[in-house]
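Below, chain A partners chain B and then partners chain C, in two separate complexes.
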Partner chain A sequence: MSKRSTWVLPYAIFLAVFVVLPLVLIAVYAFQDNSGHFTLGNVLRFFSDSDAVSTFALSLEVAIETTLLCLLLGYPAAWILANKKFGFTTVTIVMFIMPMWVNALLRTLATAELFSILGFTLGKGTLLFGMVYDFLPFMIYPIYNMLLKMDTSYSEAAEDLGATPVQVFLKVTFPLSLPGVYSGILMVFMPTMSTFAISEFLTNGKIKLFGTIIQENINSSMWNYGAALSLVMLVLIGLTSLVTGGSRDTNVGGVV
Partner chain B sequence: MKRFLARIYVWVLLVLLYAPVVFIAVCSFTESRVMGNWTGFSFKLYGNLFGGVMQGGSALLSAIENTLVIALLAALFSMLLGTLAAIGIHNLRGRKRNTMQLLNNIPIVNPDVITGVSLFLLFVFLKVSQGYVTVVLAHITFCTPFVVLNVMPRLTQINPNTYEAALDLGATPAQAFAKVLVPQLVPGMVSGFILAFTMSLDDFAVTFFTRGTIGLDTLSTYIYTDARKGGLTPELRPLMTLIFLLMLVLLVIVNVRANRRNKIEVEK
Partner chain C sequence: MDKFIIELKHLSKSFDDKKVLEDINLQIRQGEFVTLLGPSGCGKTTILRLIAGFLKPDDGSILLEGKDLSDVPPYKRPLNTVFQRYALFPHLDVYDNIAFGLKLQKVPGEEIEKRVRKVLKLVSMSDYEERDVESLSGGQQQRVAIARALVNRPKVLLLDEPLAALDLKMRKDMQIELKEMHDKLGITFIYVTHDQEEALTLSDTVIVLKEGKIQQTGTPADIYNEPVNSFVADFIGDSNILNGIMVRDRRVKFLYHEFDCVDEGFGENVPVDVVVRPEDIYIMNRTEGSQFTGVVKSCTFKGVHYEMFVMTDEGYELMVQDYNAFEIGSTVGLIIKPQDIQVMKKERVCNSYRGVMKGADRVEFLGAEFECVPGDFKEGDPVEVEVDFRKVDLMDDKEDGCTYGTVASILYKGNHYFLRVKTESGEDIYSHTQDVWDKYDTVGIKILPQDIRIKKLTGDE
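Now for the complex of A and B:
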């Protein structure tokens, strides 16, 4: 069987060309001016571009708030779904993922329309809740997976040794589910930070997030500055992955 | 009581999550141009959709076709590449294995915009003209990691003795691979395919950056342009309702078949 390790080669080459090289290119373009000479100008320009910096700060705020809301709403749901005594089956978890089959943009437009009908003004509030709508499944699924895989003998042992249900949860179940929580945070935080289109639809164009700024620059052929802004995002992704341990193996597989 | 509250909580979340989908479905049964206005029950939009007479006309039809063809191609290539890769990674040890798993995670962690921009820069750098091919390649890039993650657990479950037994009984390595190994991987490959198909279908940002300027539209880019122009093509409502129902039927079929297979295995 060991010869089969060479089967990885096509994918290794594919990853090198379509994942590693493009990321390197972001850095290369970020440190180049229009004529291809080395410059720090694009990166420095971000820090003096008050529009970009304030959008970055707002995106960070919205992303943190969305992630926290998703965690607060999603953790109990994942816990209930993974707990056999509540009688939910895998069909229910699939039901949380199914709305994704309706085009995300159309779903977002419908959400915005519903908010208007209910009398909410489109703005930061609707942006937050719309984002939670879109990303909640990404928080529930990894936590659910982690809780499901968990060896119940740990919590049973804690119960036998006299822990109250609250103690069992705080001292055993929750700490053991943390890898799932980290995956969920990573799956929600990064996409919310950088969405474009969705944020404009949910606020009727009033609020734009960092992804929109990147898109505007790339689309108006300011590739080097767009690349510099993408580099800022990449640094943030690196930091978040480090903080959350970056261990997200197998937590997102097998949805269907 | 606790059980009751827990069930209520999950159902309330689900009702909220489905509200926009149900809203689209309900609005597909009225003729109003603006989503949210009810102007009486009607099948007219469904008629328009199948008759091909609608705002956007051929542009919408070709967007639908592009979306489906791109999703099928991306899912198919991702499934083949991902399965091959999973078998390869499964047979790697130590640092090489860790490196491959780390690289495989990058497209999953990267937000769409970063994937889109980085691939856009790649195609600019390589001076490849962007269009259909670049979109499919980009979709394969973000779909394949999910296939790998779906096939890998299957490989660890396989008893390696079955393969050896086939060889002892006179099968060539190719036969043993095709008749013993592959059938055991099929469930993982199928769920990987469905996941890849779903992700490709739903993608907007990556397509947006890699489709070039030849006027290639998928449903997502079509809706984006449409919404920014102000009026959303009304026929999108019945279209999405039908796609949702189709996927639902597909899911039920896959699940029923999986249950039947599990039952047979248990009875054995």
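Now for the complex of A and C:
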């Protein structure tokens, strides 16, 4: 054993205590009833709990809408930022990333306050606004990174072979930036699925998302059902990662 | 056959105030294999990118079959490029990479298939259609890149150092294949390289560039045998470049000896540069019958020939190549035949600048003040300043000189080095020195007052 392998130890302990153990605990709680006996009841209860299922469907809908909006807004932004001919400097790029320096909770509270001053009714519209506002940088950054690193000779080669600027984008630039897009989708979709603070503040509790239900269950000491719901969500997020993860072999390095 | 397919007229290009190309004029015939040759930074790739349309010239025009290309975007130019690092699309397989251009032109599917197959056969990659381009070796990627360009039947194929990334053996094979493809297809090739051997092997015409200017245009044999200046002679092949004096027509003096030569029209007693290729110096063990003699200093086997350095009795070091080895330390006789002596006009015989008097004994030029011998000048007089090459002293410490600069080029002239130093003001100063310097060394420049010749500027020039 080389000495270097002992360097791994602190990280291994960290992972065991803060990642593996909680996951195991979630699974254990999810498959137990109140008296500690094994049961599938909690998981099955979710499927018969129409309230939970419809909340789940709504969360999924909001997450998909947020992700799509972020993609529609974020891709052009990333493209413009990465294109040197528009003359954007690092300062502009930092300004796009800067909102992330402020705690998301504070930003959300401030946004909610702003909406109430402006007299907007809090509802799905304001919820989506808040979601997009909070998660847009996570979409822009990996795409921007991907576009910035892309060898310009690819687009030159396409142009050389007769592609108009639009065709260059559709046939070369966009397909080659897909790893960045997948990365962005994951980084937006996953947290929007589980968030509860944004929906609480920006809809005044009118709209409940899946994260809210989990929080409510756990707050009211319904540990087993809460754990089962968490497990359902984990599985779903895991599936999304698998679907988009197939094309993630290109190293994106998008995490800010 | 005298139809020009590409013409460059007074082409200039600068990047951030730095002139990359200056007044380039060039005519390329239909079907020619033309090579742009020069060291890195000479502007050869810029010319190619201007022709392809990726860059716009600051000045001048590019004509394709007599029509101005200025307002034609790259995707409408009937030219195709083979990029230095191939630029194959990683998300497409070999077939789709090659079919890319044809699909854009809406060529019918059947014909696309036929043409892709044919071009794959041409580059000997027939069984690779389905392969992922990133799984191919460098040489195979190169072939696909060539196929992708050729399948569109361009009028001109532009190649930007296409073989630079390949190993030597592969490069040699590809050179032969490229030449064969060119002969077979009859397409005009414009080829960019810094490899002089590649240029000589492949081309019908070689264009030698240096710092954005064309130095010489000619057939490989012309360029090799009759370099127009010492830069070309030094860049193409091995050579002995020496200072000489043209005594009269067909008679030149160098190495302290007079030789017959074939050049005329230089005038009498004019300083010239003389180039003798190392394989053109005849070397023998006896000294009788020789024109001059020397002692062998080193002898290295180079595969086919031996490369020797011979110190002449007068102290010049010459490179000599011969099929036979000569013993180190032995005295040898040497002969140079008249037709093997290439005489070139000297580009300059002394440093010459515009200056301004800063006092009776101070003159400003090269962006610095120098002390000089007081003469018939007043402060503020514009003057012409001349300094002989051998009077320019280079110092280790830049503080020791009156000004300083960076060594930009070095030419060995048998018994001294001829250096070009770029000063802070952006001007060049040339120095004739015995000291060994490296390129990019920072040197102090010192000139003694008595070595600065000052002349009144005459006329309003």
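The criterion applied here is as follows: the second predicted complex is superposed on the first by the 237 of 256 C-alpha atoms of A that agree within 3 Å, B and C clash if a C-alpha of one lies under 4 Å from a C-alpha of the other, contacts with A are read in each partner's own complex, and residues count from 1 in each chain.
Note that in this section a residue touches a chain if its C-beta (ideal position, glycine included) is under 8 Å from a C-beta of that chain, and two chains touch if they have at least 3 such contacts.
From a predicted model like this one, the values you see are computed outputs, not experimental measurements.
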Taking chain A as the common reference, can chain B and chain C both be placed on it without clashing, or not? Answer clash or fit. fit
Is A:158 contacted by the first partner chain B, the second partner chain C, both or neither? second
What angle, in steps of 10 degrees, lies at chain A between chain B and chain C when each chain is taken as its C-alpha centre? 80
Any idea whether chain B or chain C touches more of chain A? B
Between chain B (first) and chain C (second), which, if any, makes contact with A:150: first, second, both or neither? neither
So in the superposed three-chain picture, is A:109 touching just chain B, just chain C, both, or none of them (first/second/both/neither)? first
So, A:68: does it touch chain B (first), chain C (second), both, or neither? neither
For A:9, decide between first (touching chain B), second (touching chain C), both and neither. first
In the overlay, answer first, second, both or neither for which of chain B and chain C A:172 touches. second
What's the minimum Cα gap, in whole angstrom, linking chain B and chain C in the superposed view? 13
Complex contact set, residues of chain A against chain B: 1-12, 14-15, 17-23, 25-26, 29, 73, 76-77, 80-81, 83, 85-88, 91-92, 94-96, 98-111, 113-114, 116-117, 133, 136-137, 186, 190-191, 193-197, 201, 211, 214-215, 218, 223, 226-227, 230, 233-234, 237, 241, 246, 248-250, 252-256
Per the touch rule above, chain B residues touching chain A in the complex are 3, 6-7, 9-10, 13-14, 16-21, 23-24, 27, 35-36, 81-82, 84-85, 87-92, 96, 100-101, 103-114, 117-122, 124-125, 137-138, 140-141, 144, 146, 148-150, 152-153, 160, 163, 188, 191, 194-195, 198, 201-202, 204-205, 208-209, 219-220, 223-224, 227, 232, 236, 240, 243-244, 247-248, 251, 254-255
Name, in rising order, each residue of chain C that touches chain A in their complex. 52, 54, 73-76, 79-81, 83-85, 87-91, 100-101, 104-105, 148-149, 152
Complex contact set, residues of chain A against chain C: 151, 153-154, 156-164, 167, 171-172, 175-176, 178
